Amino acid sequence: MDEALDALVRGPAAGYADLGFARVDTHRGLRTGDPEVVFAAGKTPAQTVALFHRLRASGNRPAFATRASADVVEAVRAAFPGAAYTDESGTCVAVGEPPATRGLVRVVAAGTSDAAVAGEAAFTARLFGAEVERIDDVGVAGLHRLLAVHAELDSADCLVVVAGMEGALPSVVAGLVSVPVLAVPTSVGYGASFGGLSALLAMLNSCAPGVAVCNIDNGFGAGVFAARVARAARERPTRTPH
Amino acid sequence: MDEALDALVRGPAAGYADLGFARVDTHRGLRTGDPEVVFAAGKTPAQTVALFHRLRASGNRPAFATRASADVVEAVRAAFPGAAYTDESGTCVAVGEPPATRGLVRVVAAGTSDAAVAGEAAFTARLFGAEVERIDDVGVAGLHRLLAVHAELDSADCLVVVAGMEGALPSVVAGLVSVPVLAVPTSVGYGASFGGLSALLAMLNSCAPGVAVCNIDNGFGAGVFAARVARAARERPTRTPH
Amino acid sequence: MDEALDALVRGPAAGYADLGFARVDTHRGLRTGDPEVVFAAGKTPAQTVALFHRLRASGNRPAFATRASADVVEAVRAAFPGAAYTDESGTCVAVGEPPATRGLVRVVAAGTSDAAVAGEAAFTARLFGAEVERIDDVGVAGLHRLLAVHAELDSADCLVVVAGMEGALPSVVAGLVSVPVLAVPTSVGYGASFGGLSALLAMLNSCAPGVAVCNIDNGFGAGVFAARVARAARERPTRTPH
Amino acid sequence: MDEALDALVRGPAAGYADLGFARVDTHRGLRTGDPEVVFAAGKTPAQTVALFHRLRASGNRPAFATRASADVVEAVRAAFPGAAYTDESGTCVAVGEPPATRGLVRVVAAGTSDAAVAGEAAFTARLFGAEVERIDDVGVAGLHRLLAVHAELDSADCLVVVAGMEGALPSVVAGLVSVPVLAVPTSVGYGASFGGLSALLAMLNSCAPGVAVCNIDNGFGAGVFAARVARAARERPTRTPH
Amino acid sequence: MDEALDALVRGPAAGYADLGFARVDTHRGLRTGDPEVVFAAGKTPAQTVALFHRLRASGNRPAFATRASADVVEAVRAAFPGAAYTDESGTCVAVGEPPATRGLVRVVAAGTSDAAVAGEAAFTARLFGAEVERIDDVGVAGLHRLLAVHAELDSADCLVVVAGMEGALPSVVAGLVSVPVLAVPTSVGYGASFGGLSALLAMLNSCAPGVAVCNIDNGFGAGVFAARVARAARERPTRTPH
Amino acid sequence: MDEALDALVRGPAAGYADLGFARVDTHRGLRTGDPEVVFAAGKTPAQTVALFHRLRASGNRPAFATRASADVVEAVRAAFPGAAYTDESGTCVAVGEPPATRGLVRVVAAGTSDAAVAGEAAFTARLFGAEVERIDDVGVAGLHRLLAVHAELDSADCLVVVAGMEGALPSVVAGLVSVPVLAVPTSVGYGASFGGLSALLAMLNSCAPGVAVCNIDNGFGAGVFAARVARAARERPTRTPH
Amino acid sequence: MDEALDALVRGPAAGYADLGFARVDTHRGLRTGDPEVVFAAGKTPAQTVALFHRLRASGNRPAFATRASADVVEAVRAAFPGAAYTDESGTCVAVGEPPATRGLVRVVAAGTSDAAVAGEAAFTARLFGAEVERIDDVGVAGLHRLLAVHAELDSADCLVVVAGMEGALPSVVAGLVSVPVLAVPTSVGYGASFGGLSALLAMLNSCAPGVAVCNIDNGFGAGVFAARVARAARERPTRTPH
Amino acid sequence: MDEALDALVRGPAAGYADLGFARVDTHRGLRTGDPEVVFAAGKTPAQTVALFHRLRASGNRPAFATRASADVVEAVRAAFPGAAYTDESGTCVAVGEPPATRGLVRVVAAGTSDAAVAGEAAFTARLFGAEVERIDDVGVAGLHRLLAVHAELDSADCLVVVAGMEGALPSVVAGLVSVPVLAVPTSVGYGASFGGLSALLAMLNSCAPGVAVCNIDNGFGAGVFAARVARAARERPTRTPH
C-alpha cells in the first residue's frame, strides 16, 4: 500500500482534530494541495472563529470561509484584527497570506448584477493560487462589447464565465476560444428564471463544446476548479498584443 | 351593438358548420383575416379530409393542417390530387393557392437539427400571406456565421429565430437588430434539455429586449404571429446592399 | 464589409463607455433604434444614477430603469429633479422626453391585481415610441365585459394581454382579433399557480394562433416588443366607431 | 355501533370475495350505491374476465372496466357475447344493463382531439345513472360556437368540461353558468403542455369560482362525480327552449 | 337569440359598473345565482371598500372578499360597522345577510393545522347558501376517529375534505361514502410537500372514484362548488340516528 | 372479530378525547406502543399546552411536540416548570420521563450544518425508547474521517444518516455496513439543491441496497422509525473493541 | 487499525475479482452479510452469466440479478439449468439455495396492478433471509378489506407497503401498527401521477410516524432493508389467532 | 483590430462552406484548435456523409460525429471504408488520424451500466489530443475498489467521473485528489432518478470543491473539456509506482 493511501486511512491519528462540533482536516493540504474551507452557512460566529484558530494553528495556509453571514465576517475580523479580508460581496472571509500565483484565470461576467458571484470566484481562485483578472458587463445582448475583449479571453489558462437570466454567455465565449470554459449560472433574473434554473439548464446544454458547469451562484466552486486548471498549465508563449 | 359583434354572436346561424365530430368556422376569415387551420393530432385521415372539403367549399382560402401524421398527409394528397403540398418536415399539408404576400419574415435556425421546426414556421408564414426567407445553421458557437448575415437580419419585418439546446440564438440576434424577434425553442438536445425546456426557459429570460416566445417546436404559431406582423408593416426604405 | 457591421466590431472605440462597474452602450440607438435600459435589480442607487448621467450625456433619448427599488427611484428623482417620472407600480423610472408616437398598442389586463404589470408594459411601450391605451379588468369569468370592448381590441396594431391565475385571456382575445397578441403571465395567484407558472404554460399552449409569450411579470419586455410592432405598422383605415 | 358501520367492519365475512389475485367488493353497492369498477391497467384479459364473472354473479349491476387494453376488451366481449359494450375510445368496457337515469350531465369538449376523454366521461356518467348529453368542439378560440350553446350549458345539473392545451374552457364556461363545473384536463398538446400539466394547472387556478378538477385524461373519475351530483339533484323547472 | 344570451351580450349597458380600476358585475346574480366575490390580493383597502359600497348599492346579496390582508379587513369593518364579519382565519370578510340555506355541506379536516382552510370553505359555503357542519382532526393516522363519524359523512349532500402532507384523507373518505367528495389540498407540511404539491398530486390520483380537487389552500373555491351541489340536491330521507 | 380490532372501531367511546379543536388519542399507546406526538406547526401555544395537559392526564408516557415555534416551546416550559426539555435545535419539546432504552441507534451527520436535523432524530429516538449515539461531521469529501469510525457504524442496530447538498453519505455508509440505513436529506445547500431536493433524490437512488429515506429535514420521522427497529432487535454479541 | 478496516483497504488483493467489464465483490458477504446482487439493466446476457459464474465460484450464497431483461433471464436459466428461479414479474433471477429464514416480513400491496413490485420485494426479502408473507389488494378505497387483516399486519417484524396512484396505504397502515413500515411507491397510475411521483411524495409526507420510503418501483431495495430488520428482530411472543 | 478578430468577422469569405443545409466551419481549427464535430441527431446519413467529405477536404484533422444513429454510422463506414472507427457505444464515429497526445485524462465510471457514456468521453478525449485511461466499476457502494486505485486517480491531469443513480462518485473522488474533476451524470437508474436528474443535481451540489459538471450522458462534452485541460498541463514529476 503506497504511503499516501496509508496516510489516508490512518487519518484519525493525525489527519484531523475533533472540536466536538466539527472535525477539522489539518492535513488536507497534504491530500489536495488546497487550504481547508469552512462552509459557514448554519455555523455560529463562535464556531467559525474556533475553526479558523484551529486551522491557522496547524499550518500557514490561509483559512477561508464561504457563505458567511455579516455576523460571522465581523467575528472573524475581530478575532484576527488586520489579517482578515473579504471579497466584494462580503460573504467570503479569509485570514492568512494568499499563496504565490501560477497561471491565469479570467472571470467574465455578463451583467453588473452578476458581480457578486464573479467576485466570489475571483477571490477564491486567487486564494487557491492562480492569478486572476476580471472582465465585467459583456452580456450577449451587446455583442460588440464581448468581441472587443476577444483576444484577452483566449489568453487565459481557464475562463470562469458568470451569467444569469438566459445564461447564453458561456456558449458564445466557448465558440470564440480554445481554453476550458467554466460556466457559473446566477440567480439573477425573475419569473421563469426560477432562481437560476434557466441559466443552469442553458449552460448544461451548451452547443459549444468545452463548457463545464457549477452550481447556481457557486463562485467558490468555480474558483477552486479554475485555479487547479490554471496552476497546472504550462507557460503559454507570449502573445502579440492587439 | 356594432355589426361585427352582432355577427360574432349570431355565429351559430352562419359562422360555422356542424360536421358532427367538429364545428368548422366557415366565416373565420371575416373574424381574423386568416385561413382556418386544422390541428390534425388525434384526428383520423377521413375526418381531416372531410374538414378540408368543407373548408374548401366555403371559400377560396387555402385549407391547412398541422401535426398531421403520414397517413393524414397521404389521405389529403389523395383527396386533392395535385393541389396539396407540404412543408419539408412533412407534418403540415395545405390545399389551395397561398395568398399574395406583403412584408418579409426571415426564419433563422441555429442548427440543421432545427430545420423541421424552421420549415414549419416558414411554410405557415407564407400561407398566412408573408414573403419568407430562411437562414440556417448560424448557431452561437460559430459567431462569425451569424455576423456574416447581420445586415439581412435587420432588414426583415419580423424575425423568427429557432433554436434548441441552450436556446441562446434569439438573445444574440435581438442584440443586433431593431425588428421584433419571435423565438421558437425546439426539443433538439438531450439530457437536461428536458424536451426543449432548457431552450424555452432561456428564451423567456432573454436579456435582450424585444423577444417574445412560442411553445416548444411550435413553428406553426410563430409563422402565424410573424406573418401578421409582417403583413401589417409599412414599406421599408430600400437598404444599400452590403 | 458593410459599414454597419464594421461599426459593430469597432464598437470598443466608439460604441460604449467603460464606467468600471458597467459598460454603457452610448451608440445603442444606432443599432436598435431604442433607448438603453438599465436593469436596476442588484444595482445601488449611486450606480444607477451614474449610468443615467452617462446615458443622458451621450444623446437625448430618455434613460430608463426597470426593476428599480424604492431607493433607486428616489435617488434618480433627486438627481434629475422634475425630469424623472415613474409608472404606476413605481418600479420603472425614466428621465427625458418620450419620443413622438406612431402606431397604437392596447394593454389589456384580466384583473385589477394584474395592473402593476400592465402598467409597466404601457409605460415601456410609450417610452419606445408607441401610442398606448389600456383596458382593465376584463377577465374571462365575466365574458360580457370583454365582448363589450371587442371592436377596440381589433383596432390596435398590437395587443399586450396580461393575466395571472389560469392565464386564459390571451387565448380568448386571440380568437376575436386578427392583430398580434403578446401574452404576459403574471405571478398573481396562489397554490398551484407556482408563481405564475400556470399562466405561463397556459399562454404557451394557447389553442388560438397568433399568440407569443413574455416572461412572468415581464411588462417591460412586452412593451418593447409591442412598440416595435406598432411603430412599424402601416396606417390603418379609420374604423367606424361602435 | 350503527348497522352500516358494523357491516363495514364485518366485511371479511360477507363483503368481498378473495380471488387470489384480487379481493372483489361484492357488497360495494351497499356502501356507495355505485357498481364496482375494475382498473384494468396491468391486469391480464383472464384476470379481468374472472373479475367480471364474479361481479356479475353477485348482483345485477353492470360490471365496468377502465384503462382496458384492446386484448382485455376483446376478451370481455368474447366472454359475454352480445352483452358487452364500449365507449368510443374503446378503452372502457361494460357488461350489464345500465341503471335508469336521473338528472342530466352535459359533457363539453374543447376540441375534437379531446373526444376520447369526453367519451369516457359520458360513458361512465351514463353507467352511474345520469342522463348524458355531449357538446363538442367549442374551444375558446371560437367563442361564438360556445355562446351559441350558452343556454344549454346552464340547464344541466352538472357540467363536465374537457380541454387540453391551455385548458381555458372551464373558466369561460364557469363564468357563464351557475351549475357545478367539473374540469378535466387532457394530454392533448405538445411541447410545454408537458403531457397535460399546462391544462391541469390552468384549471386548478381558474379565476371563476365553482370549478373542481380531475386528473389528466380522467374521464372516468369525472363521470362518476358528475353522475353523483346529477342523480341527487332536484327536478329543475322546465326551461323555455331557445 | 334567447333572452339570457341577449342580456349577456348587452352587458355593457347594464351588467357592470366601471369604477376606473375595476369593472363591477352588478348583475352577476342574474347570471350565476351567487354574490360577486372580490379577490382582494393586491387591492388596497380603499379599492376594496369602494367595491363593497358599489356591490351593496346594486342589490342586497352579501359582498364578500377573499385573500384579504389585515388592513383590508380592518378597512371593511370600519366602513360597515357592525355589519362585517370574518371567517376564523381572518382572511375572508363579508358584509350583508347570508342567504337562507338549502342542503348540507360537511367540511372535514385531517389535522388542526388545516383548520384555516377548512374555515374558509365553511364560511364560503354558508355565504353561498348551504347549511354547513364541520368535522375536524380526523386524519388517516388515527383511523378510528374517522370511522366514528362514518355515518355523518354519508348523510351530507356534498363533502369538502381538507388535508395537507400526504393528502390521503379524501381517498379514504370517498371509499366510505356515496356523496360527491371535493378534496382541498393544503400547504401544511414541509420538505418534499413542496408547498402542498404532494397533497395536490395525491388527491388528483385518488384510487377512489368520486373525488374532484381544488387548488392548494383554496377553501373558497371548494365552498362555492359544494354549496352549488348542496343547494340543488333533493331532500334526503331522514336517517336513523346511530 | 379480535379484541384489538374491536377496540379500534369502538374508539369513539374510549380511544380519544375531543378538545373541540383536536381529537386526542388517549389510547394510542395501546395501538402503537409509542407516545402521541403533537405536530405543533400552525397550533397556538395555548392549544399545544392544552394538548399536553390532556395527554399527560391520560397516562404517564411523555408528551412530545415537533415543529414548535419558540413561543410554543416557551409556553410548554412555563406550563410544566422543570419537567420540559428540548432538543438542540429548540424546535422539539417534551414533558415526562423518557422510557427505558433497548437497542442502539447511531445518528451520523455529514456536516455541522446538518446538526439540527440530526439532533431532532436523536432526541426522538431516545424518547421512543432507543439508546442513541451521534457521530458528526463525517462527510464524504473527507473519507478518512468516515473510515475512522467504520467499526462503530456496523455495531448499531439501526443507523440514521443525515446529509444535505449531494446526499452521498448514506450510499457510502450503506456500502460499509450490514445494518439498516435510514437516510435523512436536509435542506442544507443552495442553488440547485432546491431546498433539499438534490439530497432527497440522491438518497432515493442509492446504489447501495439497504437504504430507506425520510422526508427532507424530517429528523423526527427517522427517529421514530429507527427506534422501532432498534427496540425490536436481538442482543448483539459483544464486538471486540477496535 | 482494526482488522475489518484493514481488510476493507486491502480489498484489491482479496476482496474482488476484475472481470474486465466489472469488479466482482467476492468477499462482500464478509462486509454486509448479504449476497452480491447484479444490477442487470444495461448488461448483456453474456456479461450477466459471466458474473453469475464468478459469484457462484467464490462461495455458496445465491447469485441474484435485478432489472433483468427477458434475454438475460433466459441466458441465466440456460447457464444454470434447473437451478435458476425468478419472481412473478420475471425481472429478477437467482441461482443457489436461499438462506434459512429468521423473522417475518409482510408485503402488503394496494392493488393488483402493484403485484409486480410487491413480488420483487417478497422475492428479495426471502433471498436475504427473511420469511415472507403477502397481502394483496387492500387499497384504502375499500377500508374493510384492510381492517380485516389488521392483526396480521401488526404481527410482522417489518412491513413493506406497496402502492401507486395517491400512495395513501402506508399512512393508513402505519396508523394501525407499531412495527416499522417501509413504503414503496409504484408507477401505477396515469396523468398527474407522473410516473409514480405522486405516490412518492405522498409517502415521504406521511402524517403517521414510522414510515420510511424507497425509490419508485424499487421492490428490491425494500426487500433488502426489510429482511435486515426482520432477521435482526427478537422472537415475538405468540399471538392469539383471530 | 487584431488579425484573429478580423479573421473572425471575415469568416463568410474563408471560414465556412455553405452546403445548403449546413454551414461547415472549415477554419474552426484556427479558432479553437479542435476538429469540427457533427451533432448527428436529426441529420440523415447522406447529410452526415456530405459533411464528413467537406470537412475532410478542408484539412487533415479527423471528422467526428456524435449522437449518430446506426444508419449514420453505417453510411460513414461505407463512405470511408477502413478509415472510420467508433467508440464502444457505437454512437460516435470518426474518420482520420487522431492527433498526437499530450497529458493524461482518466475516465472513471461508477458501474458497468455507465460504460457507454464513459466510452464516449474516452473516445472524444483521445480525438481531442489527450492520452486516455479508464477505470471502471468503482462505485461508492464498494469503497475498497475505489481506494485500491486511489494513487492512479491523483496522477492524471484531469479526471472524468461518470455515474448514474445517486451520482455520489465525483464527490468521493474529489475528496481524494487535487486534480480537476469533471462529473458526468448518466441516465442510468429508474423511478426517481428521472432520467439522470438525481445524479445531475447531486453532482452540482457536491460538497467537495473542484467539481464541475456536464449535461446528462454528455460524454462528448466531458471529453472535449478534459482534453483541453490535460493538453495544456505541465509535465508532472514521475510518481513512484504503487
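Worth pointing out:
Here the chain labels run A, B, C, D, E, F, G and H in written order, and each chain numbers its own residues starting at 1.
As a convention for this text, a contact is a pair of C-beta atoms (placed from the backbone, for glycine too) under 8 Å apart; a residue touches a chain by one contact, two chains touch by 3 or more.
Just so it is clear, the structure is predicted and the values come from calculations on it, not from any experiment.
Interface repeat of E-F: among B-C, A-F or D-E, over half of the contact pairs recur, by residue number, only in A-F.
Judged by contacting C-beta pairs, the busier of the interfaces F-G and B-D is F-G. Each chain gets one centre point, the mean of its Cα atoms, and the points for subunit A and subunit D are 58 Å apart. Note: centroid distance subunit D to subunit H, computed from Cα atoms, is 52 Å.
The centroid of the Cα atoms in subunit C and the matching centroid in subunit H are 43 Å apart.
Chain contacts: subunit H has residues 1, 5, 8-10, 39, 111, 142-143, 147, 175-176, 191-193, 197, 200, 204-207, 215-216 touching two or more partner chains. The part of subunit G that touches subunit H in the complex is made up of residues 8-12, 15-16, 21-23, 25, 28, 39, 41-43, 47, 67, 185, 187, 195-197, 200, 215-218. Against subunit E, the residues of subunit C that register as touching in their complex are 111-113, 115-116, 136-138, 142-145, 147-148, 188, 190-193. Interface of subunit C with subunit B (complex): residues 1-5, 8-9, 31-34, 37, 39, 147, 150-151, 154, 157-158, 175-180, 182, 200, 204-207, 209-216, 220-222, 224-225, 228-229, 232-234, 240, 242. Of all residues in subunit D, those touching subunit C in their complex are 110-111, 139-143, 165-168, 171-172, 174-176, 189, 191-194, 197-199, 201-208.
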